[in-house]
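As written, the chain order gives the labels A, B and C, with residue 1 at the start of each chain.
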Amino acid sequence: MRRRWTGVALVGAGALVFGYVVSREDWWSLVLRSLFPDLPVVVFPSATLGQLVVQHLGLVLVSSAVTIAIGIPVGVWVTRPSGRDFRELVSATVDLGQTFPPIAVLALMMPLFGIGTPLPAIVALALYGMFPVVSGTVAGLDSVPPAVLDAARGMGMGRWQVLFRVELPLAARVIMAGVRTSVIINIGTATVAAATGAGGLGSPIFSGINTQNGALVLEGAAAAAMLAVLADSMLARVEDLVTPAG
Amino acid sequence: MGVQSASVDRQRPRRRTDRVAATGAILALAGCVALPLYALRANRIVNGTPLSLGAGGPAAWMLLALAIAAATASFSLAGKLRARVELACAVGMMGALLWALGFAAAHLAPDVTSPARVSIGAGAWVAVAGAAVVWFAAVHARPGRAWRVGALVALVVVVVAAAMWGGLGRLSIVLEYAVQGAAFWSAVWTHIALAGTSLGFAVAIGVPLGVASSRIPWVRTAVLSIVGVMQTVPSLALLGLLVVPLAALGLPGIGPLPAIIALTVYALLPIVRNTYVGLTQVDPSVVDAGRGMGMSRWQLLTRVEAPLAMPLLLEGVRAAAVMIIGIAAVVAFIGNGTLGVLVILGWGGQVDDLTLLGAVPMVLIAVAADVGLRAAGRLVTSPGIRMEVS
Amino acid sequence: MIRLEEVTKRYGETLAVDRLSLEVGEGEVCVLIGPSGCGKTTTLRMINRLIEPTSGRIMVGDRDITSVTPEELRRGLGYAIQSVGLFPHLTVAENIVTVPKLLGWEASRMQARVGELLSLVGLDATSYRGKYPRELSGGEAQRVGVARALAADPPVLLMDEPFGAVDPLNRERLQGEFARIQKELHKTVVFVTHDVDEAIRLADRIALMRDGRLQQYDTPENLLDHPASKFVHDFMGADRALKRLGRVRVDAVMRSEVPRISDGSDAVAAAQRAACTAERFSYLVDQDGRLEGWIDCRLLDRGGSAESAITHVDWRATTVRPDTSLKEALSHMLELGFRSIAVTDETGRLLGDVALAGIETTLTEGDAYSAGGPAEGGAQ
């Protein structure tokens, strides 16, 4: 128990450090200048790193919120009697969807929603992120031993009580693992989505590529990498926390 | 009692709506009536104006009729008959949609010289998805083997016929393909070559690392955590981060080298992890028996552990392949001519059909790799252990 | 054939095996037995060097086992374990030829060997060779495991609770088959078990261990009759007398001079001739000496009719063979409600009989630790 909270504290500290480092534009310009002494600009001129991080997180949080709000209920629904008919269809769709390249999903959304706004990116991220969440939810609920469900029903729990007090708590770790995969993929895909005008940490990278400015590329890449690793370890801690003891 | 009710069931099947097929049919209907099936553009760059359903000619009305028929069947019929009607409707809807698209293209942009284009609208995608759902539901309702195969054959015939005589050649994505020509195929091959080469490297590095991980605890800890962290780094960011060390070595930060490095790194995790898990899940008593009968470590690995770990290892290779086929699109940003280039050009020039011309083949390659490697996995799995893996 | 000299295995603080010395003669079955954790498995696995002893020396044949590589050593020692460890990805035939393949046999020789071995362990070769382990029942898998251990005809067999995971009925049959195979092949066997009955049934000699130390190494009879300590006495169990019967063959106490009447063609006349013998019963046999039934002489004496005095029986259901154990013979008698039982050969020819009284004398030969023996905590 103590060990778990130490992990949480460490990750929390990491987040604070990341936030501070990102806000110190002067440090970045110092380091990047020393690496690329000959370039005219070494930090992204159009937006501060802090703004880019906020944009990026905005994209990911909005899309992941949509993903979770739809994905988990869908996963639950197809394991209930009322949705059992759709279970195979949903599983097949999720399997197929996970083989789609994320950039292809992004590309397919463009003609539908138009370029230059974050909307197609958010829709694409939310859709693509749905697959691991749904499959995690189904797998998690499937992993609950039938004997446990029997016991719960035998004790007189209603269907909703069984779901909320027994099934979801026992499935929480696997569901969270799906959410974690989904969010990490979204952070990565959101970087690419900058090419469609969605903003975020991909912007300095693309700007750097277009102007052959390695410093800008590095600025965006380093921040995006740190953000992803931090988010991953945060979600790993959440996974630990929702795992029932024992 | 049980026998009796079963025979009653056979005579008068219980009528229960096929909700999956109904959903698909309604989706297809919505695609026809609520969204544009096709859009007309004055030229390849401007946004399209939606066309009415009727622009697709008789085939469009047939599509609508088939969608209604499928919905009706899913509500009112039952048993094998329903499955067969649904299957026929699904094939018919796909065929009708293609002919409608072709009709609209051939009539509204008939001339080779005219800049006008007819492109695929959102409704068409929704209708295809709906028809696919009907198909899926019908196949799962046991229409019989002959019908399943027959439907596939019919679909191929309809698609080929539509391609040859249905005017599909005037559809804007096909025109776009004609414009790109050799560039398209070179993008396809570059895409496959980059992904394939990297996959080869990843197997060559990852399998030994996985074996070492299963033997030496500290290797496992080190390798799995390093590869795991690398995996979370966004692909574009990893490409960016590679610039500095490569430059320090005097190597280019763009082009195939950083691409292959990045793709290999991403492919490593599933391969290493599955090799490791595959080896460690081998029943210890089997290993003990092998050792007790005088197998050397190498013989034990090659004759016992490797065949038993192979299904999981190949599953790792499959996951890696699918993933890096996706990332191979991203390396187009650092000057590799993969299918990603078409997507980027499409975005840059706002040519939606060019974007599609990059994205659709990418999906097809990924799905083909997925299906192919799954089949390969079944092939190398001994029948003795086939049941345990699924 | 196998000699352990002062062999010790230490795991940190635990002494898994403590200065164990043991000699197993050629063609002998040595059963290692003792409570769980007493070091049986460790001892066995030291013989094929799956575990290296901390100290001591092990000889197999006339060479030190460390004089060859472990792989070479193991290919000459058959090895069968409780969990069987059949390779799930290989067919039964492929599993069986594992060691021959390692030794580089020719394909045709291996194929022939598979057939031989499968019929040896009582499985139909044609239908079983192509099966995969997951298609086998526990007992079948265990048979294949034994066949695999025997594949390259090793002089020595090492078996770790080979029948431990099989249900009791199948275990009984596997034990019987093992005894039959051993009689045919005369392997030198080290056999680990925790089942006293199994040990008594199969062993030429039993090594009883406790906490890594050898408590007694002797024939089953001596372990039962002359336990070296209270621990040995207790471990062998309260029903030692019955267990002892499991070791004694019928022919050891069989009475072969039994009254018999060859009836010729007229059974009734024969019955009347029987009336004069001193015994109560007389066996009735045909010209070939095959058992047909018996005659109650006392009934004849009292003037009963000859027909009523004769009981016709099917010898297959009511007799035992000379190599049957007394335990089994006794159980037969109790089942049938007889005070004696006839012994015939495989074709039904009468060889003699065994009476309850004869078994009783064997039963009463108690040991020193039975009721009235030395007090608690005798020599240990």
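Keep this in mind: a residue touches a chain if its C-beta (ideal position, glycine included) is under 8 Å from a C-beta of that chain, and two chains touch if they have at least 3 such contacts.
This one's a predicted model, so the numbers in the text were calculated from it and none came from an experiment.
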Chain nearest the overall Cα centroid: B
Dominant chain pairing [most C-beta pairs in contact]: A-B
Mean-CA-position distance for chain C and chain A (Å): 66
Centre-to-centre distance between chain B and chain A (centres being mean Cα positions), rounded to whole Å: 22
Chain B-touching residues of chain C, taken from the complex the two chains share: 45, 48, 50, 70-76, 79, 81, 83-91, 98-99, 102, 132-134, 145, 148-149, 158
For the chain A and chain B complex, residues of the former touching the latter: 35, 85-86, 88-89, 92, 96, 98-104, 107-108, 110-112, 114-115, 184, 187-192, 195-196, 201-202, 205-206, 208-209, 214, 217-218, 220-222, 224-225, 228-229, 231-232
Chain A-touching residues of chain B, taken from the complex the two chains share: 18-20, 23, 47, 119, 122, 125, 133, 136-137, 140, 229, 232-241, 243-244, 247, 253, 322, 325-327, 329-330, 333-334, 340, 343-344, 346-347, 350, 352, 355-356, 358-360, 362-363, 366-367, 369-370
Contact footprint of chain C on chain B as seen in their complex: 283, 285-296, 299, 304, 307-308, 382-385, 387-388
